[in-house]
């Protein structure tokens, strides 16, 4: 077990280093530095600017400098947003995104798991068919389509201004972003839950439980659910990654000042330090979450613990 | 209450699949006294397990009981509500399944799974149930029961898991224990141990046992009566002596010819039963065994054989018996 | 007790039956091969068949029809901007008045007066190409890598799988966005050179997208193939074949490949909608195919900016993309139900 944890953490560290390296050199591949668009910058001023941000040194040295700073948790100043540290921007924006994603994850689990169970138990009945249609549609509609339709329908056609998610100031403003973001994972979880539940209900140990005289509800909740829910844990990792992708779109469409929107606009503005800081930060969060999920899976499944 | 512990009368059970109706049980009639050991033998798919599961109301999804009656201990099992039948399961009738590797829930400890059945049916406290579980494990021959109770199924060997299954089955001292091929999935040496354990426990607790198997050797050594099943029908029923020494059905004879004898000095060859089991979706209209029967007659092809009563404990369904009766009748 | 049924039994009934008579009773079910069985099941699956037909129609619409269509996707017309569906511009009204036949703009026109119907069709083509080519790339890299890793085993396998694990840990969407962004300019530079002019023909960003997929997305496929080959290597029938003296080549062809191919086809089919999804996402962020080439993602995202005034422009690409993804998903599910015996359920 300890060996597994160490291996998993090491792999995460290597992956994170790779992300940092790839990001750094990719950024240098882009022709035209961050000062390309600045008007009336004379060569001398530009050289001074580059010297200030250490952009005049050899590439490898820049990389080494950057890494050592990043390791101590300092991503340097933002190049485009004058006078602000990348760290500060990331932290304020991340709080917004994290809350949105956290709520979404909970919503997706709380709705998706019961839907999948109901579908499995009512297999072949109309309720099962309804849930399956909903879930199949759910994984076929791209996030930006859903966002746009919601925005258009609720906020423009029906003119429900209180639903407008601008800035996420009120609880109601969370409804549309959470709905748009949760639609895909909820459908995915419902589909997955249905198939694992069906699989579990056909297992020998469920028959054993019934033969002991255990009540149906107890067969379902005690014996089947716990086994059926284990594979869902493996989806939590990919779900986090999806959350980020979805977040880029949702924050863009609904104009939410989160990290996803920040990442996209820093790319559009060629804000080097911002791009690298955000990428490494997001990658670190995702990798950590994935490692934690993997380890958690090993802990809750008693069959694997010993190996 | 009759003289029988278990009284199944012309039970009919079908699986309604997409491909059509499969008559898994067709007119099954069986009786058992208290404390009796009944062996049910037959090929895979002959309806042995389906019969056993139907006694506990555990018929799997597309299956449906469509006729006949099942009386256990004076109560009609087939007419019980789900709630009533749950009180029978695990308490009055228990079952041991074929594959101990998959029959225990992997995410709960052994102790949890034994205590569950005790607490369901006896209302004992957790501590009392635990003490009882401890006793049970000792009874089925598992050492260090204290440690085993805290372990998960995957930490135990196959033979050990089957012992745990037996402990669960016997926890509430049932009147009837169904053992569905309890040794098929185990090593040969372990098989003997498990069978020995069952005989031993039978003496101690004095319950009736239905042993489902295709191992005729085991049947001969521990059973009192035997039902031979073929294609969803009981084709012959009798005491062990009657079945082994005076088999009346061609299928039973075929089965007996397949057992090697250790004291066989003439080196007679084993005779296999030719052909394949019946396609249950398209069963023959006459005797289901007719296509594979070496003594098949014209009537066997078109008409289902009627019952021939050979003694108060022995009956079979074979036209050959009727032929003998017919010829005797003609001779008189 | 004297034969209660004897009145309709006579001696002839007890004559032995011939072997032929006995055999005629046995209704043997015809034996079917794995593929026959699978296809029969697939053809009976209505949802999968409808999806296949829908996909076929979409392919015809996006690859064949634009060649005959009276408008071209990049053709701009002044005075014909933002026309509602089935409307004609002033110029076209004049032409009709002069007796010419003018083909209607079924879905209207966009901000530059381009016929929207043909743009949506070409957009569908781009999305399909991205989906299919990207999945093919993933299929080849992934299955070769996975098969090699499983076949050699030992240290080679260990090292190759550690690499896969690490790539798997990297958050792909971040990298995809970055790579698509970073490659945009260098690729355009490259395309300016004469010998790389073909890059332009295919669309520079399309190539970037393929590179991204080739770099990162194959790892899932590699894992699936590896575990398939590994478990098949252990199966009794491969052991039996080996014991009977079958050569490595025969084992790979006859046993490993035939047993893997179902899973591979299913995984690849289900990979197509994921690739289309990703392309549309990149296009939405402005990192997808370059103008004037349309993809469904870029059409939808540019329509979003004008959704207050022209909501219908967003509708058709959005619907088409959902329809394509839905059809591929349902077809993939149908394939899995038909060809993956392990997932077969009653």
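Couple of notes before you dig in:
Note that the chains take the letters A, B and C in the order they are written out, and that residue 1 is the start of every chain.
Here, contacts are C-beta pairs under 8 Å (C-beta built on N, C-alpha and C of every residue); 3 or more make two chains touch, one makes a residue touch a chain.
Bear in mind that the values here come from a model prediction, so they are computed numbers and not experimental data.
For the pairs A-B and A-C, the count of C-beta pairs in contact is higher at A-C.
Taking the mean of C-alpha positions as each chain's centre, the chain lying farthest from the centre of chain B is A.
A straight line joining the Cα centres of chain B and chain C is 50 Å long. Between the CA-based centres of chain A and chain B the separation comes to 54 Å, rounded to the whole angstrom. Here the CA centre of chain A is 25 Å from the CA centre of chain C. Among the residues of chain B, none is in touch with two or more other chains. The touching residues of chain C, counted against chain A in their complex, run 162, 165-167, 169-175, 177-179, 181-183, 185-186, 189, 273, 277, 280-281, 284-286, 297, 300-301, 304, 307-308, 311, 314, 318, 321-322, 325-326, 329-330, 345.
Chain C makes touch with chain B in their complex at residues 2-3, 5-6, 9, 11-17, 21-23, 25-29, 346. Note for the complex: chain A touches chain B at residues 203-205, 207-216, 223, 226-227, 230, 301-303, 306.
Touching chain C in their complex are the following residues of chain B: 17, 61-62, 275-276, 279, 281-282, 284-286, 290-293, 295-301, 306, 319, 322-323, 325-326, 329-330. Against chain A, in their complex, chain B makes its touches with residues 56, 58, 82, 86-91, 94-95, 97, 99, 102-107, 116-117, 120-121, 152, 154-155, 165, 168.
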